[in-house]
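Reading through the structure tokens given below for one structure.
Labels A, B, C, D, E, F, G, H, I and J are assigned to the chains in the order they are written; within every chain, residues are numbered from 1.
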Amino acid sequence: MNKTDLIEAIVLEKAARGLTWEGIAAAIGMSPVWTTSVCLGMNSAPETAAKALVELLELPSTAVAALMAYPTKSWEQAVPQDPLVYRLYEIVGVYGTTMKELIHEKCGDGIMSAIDFTMTIDKEDNPRGDRVIVTMDGKFLPYKQW
Amino acid sequence: MNKTDLIEAIVLEKAARGLTWEGIAAAIGMSPVWTTSVCLGMNSAPETAAKALVELLELPSTAVAALMAYPTKSWEQAVPQDPLVYRLYEIVGVYGTTMKELIHEKCGDGIMSAIDFTMTIDKEDNPRGDRVIVTMDGKFLPYKQW
Amino acid sequence: MNKTDLIEAIVLEKAARGLTWEGIAAAIGMSPVWTTSVCLGMNSAPETAAKALVELLELPSTAVAALMAYPTKSWEQAVPQDPLVYRLYEIVGVYGTTMKELIHEKCGDGIMSAIDFTMTIDKEDNPRGDRVIVTMDGKFLPYKQW
Amino acid sequence: MNKTDLIEAIVLEKAARGLTWEGIAAAIGMSPVWTTSVCLGMNSAPETAAKALVELLELPSTAVAALMAYPTKSWEQAVPQDPLVYRLYEIVGVYGTTMKELIHEKCGDGIMSAIDFTMTIDKEDNPRGDRVIVTMDGKFLPYKQW
Amino acid sequence: MNKTDLIEAIVLEKAARGLTWEGIAAAIGMSPVWTTSVCLGMNSAPETAAKALVELLELPSTAVAALMAYPTKSWEQAVPQDPLVYRLYEIVGVYGTTMKELIHEKCGDGIMSAIDFTMTIDKEDNPRGDRVIVTMDGKFLPYKQW
Amino acid sequence: MNKTDLIEAIVLEKAARGLTWEGIAAAIGMSPVWTTSVCLGMNSAPETAAKALVELLELPSTAVAALMAYPTKSWEQAVPQDPLVYRLYEIVGVYGTTMKELIHEKCGDGIMSAIDFTMTIDKEDNPRGDRVIVTMDGKFLPYKQW
Amino acid sequence: MNKTDLIEAIVLEKAARGLTWEGIAAAIGMSPVWTTSVCLGMNSAPETAAKALVELLELPSTAVAALMAYPTKSWEQAVPQDPLVYRLYEIVGVYGTTMKELIHEKCGDGIMSAIDFTMTIDKEDNPRGDRVIVTMDGKFLPYKQW
Amino acid sequence: MNKTDLIEAIVLEKAARGLTWEGIAAAIGMSPVWTTSVCLGMNSAPETAAKALVELLELPSTAVAALMAYPTKSWEQAVPQDPLVYRLYEIVGVYGTTMKELIHEKCGDGIMSAIDFTMTIDKEDNPRGDRVIVTMDGKFLPYKQW
Amino acid sequence: MNKTDLIEAIVLEKAARGLTWEGIAAAIGMSPVWTTSVCLGMNSAPETAAKALVELLELPSTAVAALMAYPTKSWEQAVPQDPLVYRLYEIVGVYGTTMKELIHEKCGDGIMSAIDFTMTIDKEDNPRGDRVIVTMDGKFLPYKQW
Amino acid sequence: MNKTDLIEAIVLEKAARGLTWEGIAAAIGMSPVWTTSVCLGMNSAPETAAKALVELLELPSTAVAALMAYPTKSWEQAVPQDPLVYRLYEIVGVYGTTMKELIHEKCGDGIMSAIDFTMTIDKEDNPRGDRVIVTMDGKFLPYKQW
């Protein structure tokens, strides 16, 4: 079972059971963002989580190895087109230099890691229109001088 | 005075005075991300903030209009190259579909606005390596059905 | 049933019944542009509209969920090639800066939403050549200052 | 005087006089969209309108020829980046096939001209948020069969 | 029957019958360029021509609708690679500005339509090497001023 | 004097003298398309024509060498944006395969040369709208078999 | 039988028989480069050569027409990636302007034809490392002046 | 003196003296292709050749270092547009796979070097049209197995 | 058996046997990098190594020829997206000019061969985080002067 | 003094003093790769190193701040063209998947950092042709699971 078959199977079983990503995440004891990214083939799962997922969704046993396989991450469009994803791209375009200035100002020359990295997504009820709160948390890595 | 001259002048005066973006933001009573983006020409300032900035940095009076002008936002590279900004782009690539799934799950069909939008950037001290915390807060806009 | 199968089924049934998009829209009580975009997989339908469409076109019952699914919007060509669609792209190229100037002049710094957005398409009979009238109606979103 | 110098001069004189594009258009008796596009170098003006503009803005007399010159229309980014213009591009991407279906359904095989074309831009006051109304009016051109 | 199947069927039947595009065009009473473009899926045929083609090539009856369907025109390579087609692209590149100057000089500000447009292709025998004569005939469309 | 300076000088002198490209071509006894392409730096002139041009437009004597220099032909946009030039590109896209079929049918395997090539551009008065007639005449070059 | 099937069949039969391209070329009395390009679908064969090839490789009789069909030439990568082909691309990049200068110096304004063109590829034994000798022979085509 | 200034100076002095690239090459005792590529900034010269060139063209003494500097080779267009250079690119596209097959057949798995590489360009008089003969000679480099 | 089928078969057999690339390399007596690249279709194997691999993994006998076939090397993304591979691309972007300076300083004008080239990859245990050590070893090739 | 002026000044002073990058690195007690990258504007220097460089090369005192400024890293060509740099890009293309397999095999799911990263470049004398040895040393960063 490869990652493509795995994703299809997960999406199918999730719909058939009326589950949510948050529910699946809670059931296996991991966070919603990480769990969803594993189910969409963008991260590998450790054995415990893989087995929990397979049991929960009654996937074939070959799914354990597929969940544990290290993915080759890729995305189809260098500039994304789906409006929800494009808005994130636009934020990087518009605020990228601002974020660079402020991260450098606080931490020095280096980057925020996208590997040693976690994220949460929340909804904030608001009478003037609900809001989406995205929190990214990445390790600061200073450039090496040698 | 156009935006390019404005940015150059601000960066120069900021360096000459040994100011930080956070310090400038505090002085004009606005947030650091928004203030920095205005100073880098990526947002327009209302008159009060524009005048406060001009006074603080002793910019020429024509800078008020330049700060208030509505910018044409653009970025040079469709796929950014600077490692700090690329990591943000990579996060959109790797986690874009995950974020789409979770925002839809919580809020329905729609997007997180990049216009009715605020952001903060914080540093979290951590003995195993400091961390950067980016918090994005955007209004959820449901697709219209008509 | 995924969106691709859905679109194919709708187009087939529409042709078999000799229906028009306008006729389908009238039958389900929604506008022609929105209805067509739903049938081409570019918008999701609420349950009532989805069920009305399935009944009208005698689609399989799994089509209800497919119509209600939130689509990932995309288009094949960054610069469109079909002459009808290219002319729209050309209008954005030629008149984009003009539209930016006039929208800013009337409403201030912000954008016209493509999400909280409706459109109508009409034909105007004219002895010197009929004309197409496209009316776009989008919410003005001012940039947040924080 | 070439188009680039012309545009710069117009923008300067407009700002110095505190004029609006709508005001300029009214003064020369043409529409705001067309007038703005001429002033941004995207259309040529007939002699009367060119002279009226030069008089109104007290431009040098060589500006008459520059306004009357037939422009080479171009835009810098195949996929626009400024959020206001990108939203228009996104509308073409998301609704392009829908518009193609409906224009063909109403008028047959052909296109909406972007040359024999006019546009208006209006603001509609609305307690739940003002709206921008864009109306495009283009001649339908049927494909020749020979 | 979609356009792709249609084209394949036509090419096959044409070869099986030893017909030429010129012969097919003559048989249905239309021009060779238009007829070929219809058979390659780049134009739609009116009912009479569609039925004549179907009869001539003994295509299945569903081919009538396929011939009459309004095509979505597209081409695979933004910059064509086949040497014959590239030479045409090169002519547009090398002589495009010259053609713009001369069409403007003769007709004013506007374009040559590619929709209200016909073309013929002829061979001229020549002892020093035969020549290809391409004649394009498009309606001049002046830019609207409003 | 390089090609860029040459073109600028020619355009200036042409405007100052109220000349047309057709008039210039007639004065030096060459065709309008070739003459315009030489003046826009897309072809080199033989000595007689170069000297005639320099005399007619009273260009500096260094312009003779500049007119005779073999140009490096290039164009800025792989996909042209000016509507007049784009329509020509679109014709190549839409009718390229048709032209390939018909040229092969008449002449065999080979191409129409863009080097051993001439072109004329004419206006045809027409009560239903004037028409532009473009005639391309290129040597047929058969592929070598060896 | 289309070109893709043809190529696959030829490659298979060549391997099965342990033939070389040079051997095939010698057997049909044509050059190795031309013969290989025909077998890879990049050139069309005249009837005699096509029949000889079909006989030699015991291809199905429909292969004669496939070999004689005029190909649509294309290549997958605008910038080739295979190191052997990239080196040829690099030579064009590094030495293209040099070749332009020297061909113009020897022959005047014009090009080396890629259509009326032949090529040979040889190996030269050399104690310090064998060498590849590529000889291109193309007709010089002068630009037409008219 | 950088490479850009160097090239400009050489081209100027060459024209002023009525020299040819072949003449310059003969005078410094090197081949025309290599000499031209050095003068166009695409190769570095050893000291003797650099000094001979400077003396011959009476260049400033700083030109010796500029000629000896190791260039950063680049070309403006990934797909060249000048017709002479494009034909070379087209040859790589059309015959690239053929050349790969034949070089592998003669020499095994490896490439023809573009670094340990020489080239000559000759004109062959021919009553049916002169021909350009390009001879490339590159070291065969076998892939290392380790 | 083509390269794609070969790679799939190897990956399957490797997983089924619980082998590592290092283990496979050791078993056939070649280096891990070269062996892996052969198994991923990026290099050809000599007969001995091919037979050893086929025997070790119990591949079908046609795999010997597939392993010995000279591959057409290619990669899907001009700018890689998988984070591990992108970091290597970024190193070339950030340090490419530095590497050019230092290789030229040590060896003169020329390049490091990617053909006569070997590589090793090692892990270095480190209490502050393990490290990856990549060692590239390529023949220096000086530019030919002729 | 910005980075561009800084680089130019350093290159000039280095040449004037006949220094090498290795010599400069030794003088300031840092490694050659890091020192060169700082001097080419691709890394920032800590104060001590910046001052040592300024003193060694007798740069203006404003160069200290320029050397310490955090650079925005970028490179002009997504696919490099200079042959030396292209070979490095080709290595990433050809061996990227191999390196991914082996790093994962040794270290698990994660990447080699390009930030916590050092490199050395050495020349190895070899009678059959000198060799370039590039050693990259990057921290292994495992993907976070949360």
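Annotations
Please note the rule applied: a contact is a pair of C-beta atoms (placed from the backbone, for glycine too) under 8 Å apart; a residue touches a chain by one contact, two chains touch by 3 or more.
Each chain and its UniProt protein: A, B, C, D, E, F, G, H, I, J = Cyanate hydratase.
What you are looking at is a predicted structure, and each value in this text was computed from that prediction instead of being measured.
Taking the definition of touch as given, a chain qualifies here only if it contacts chain E and chain G alike; those chains are F, H.
Steps from chain C to chain D, minimised over paths through touching chains, total 1. For chain G, the chain with the farthest CA centroid is B.
Fitting chain E to chain H on CA positions gives a rotation angle of 180°, reported to the nearest 5. By number of C-beta pairs in contact, G-H leads over the other of C-F and G-H. Once the centre of each chain is set as its mean CA position, chain B and chain I turn out to be 42 Å apart. Chain centres here are Cα averages; for chain B and chain G they lie 55 Å apart. Rounded to whole angstrom units, the spacing between the C-alpha centres of chain C and chain J is 51. Centre-to-centre, using mean CA coordinates, chain D is 32 Å away from chain E. The set of chain A residues that touch two or more partner chains comprises 33, 72-75, 78-79, 81-83, 90, 93-94, 97, 100, 104, 110-111, 113-117, 141.
Pairwise chain contacts in this structure: A-B, A-C, A-D, A-I, A-J, B-C, B-D, B-I, B-J, C-D, C-E, C-F, D-E, D-F, E-F, E-G, E-H, F-G, F-H, G-H, G-I, G-J, H-I, H-J, I-J. On chain I, the positions that touch chain B within their shared complex are 79, 81, 83, 86, 90, 93-94. On chain C, the positions that touch chain E within their shared complex are 15, 77, 79, 81-83.
The part of chain J that touches chain A in the complex is made up of residues 30-31, 33-34, 43-46, 49, 70, 72, 97, 100, 104, 108-111, 113, 115-118, 141-146.
Across the complex, chain C meets chain A through its residues 65, 72-75, 78, 114-115. Note for the complex: chain I touches chain J at residues 20-22, 32-33, 36-37, 40, 42, 73-75, 78-80, 82-85, 87-107, 110-114, 116-117, 119, 121-124, 126, 129-141.
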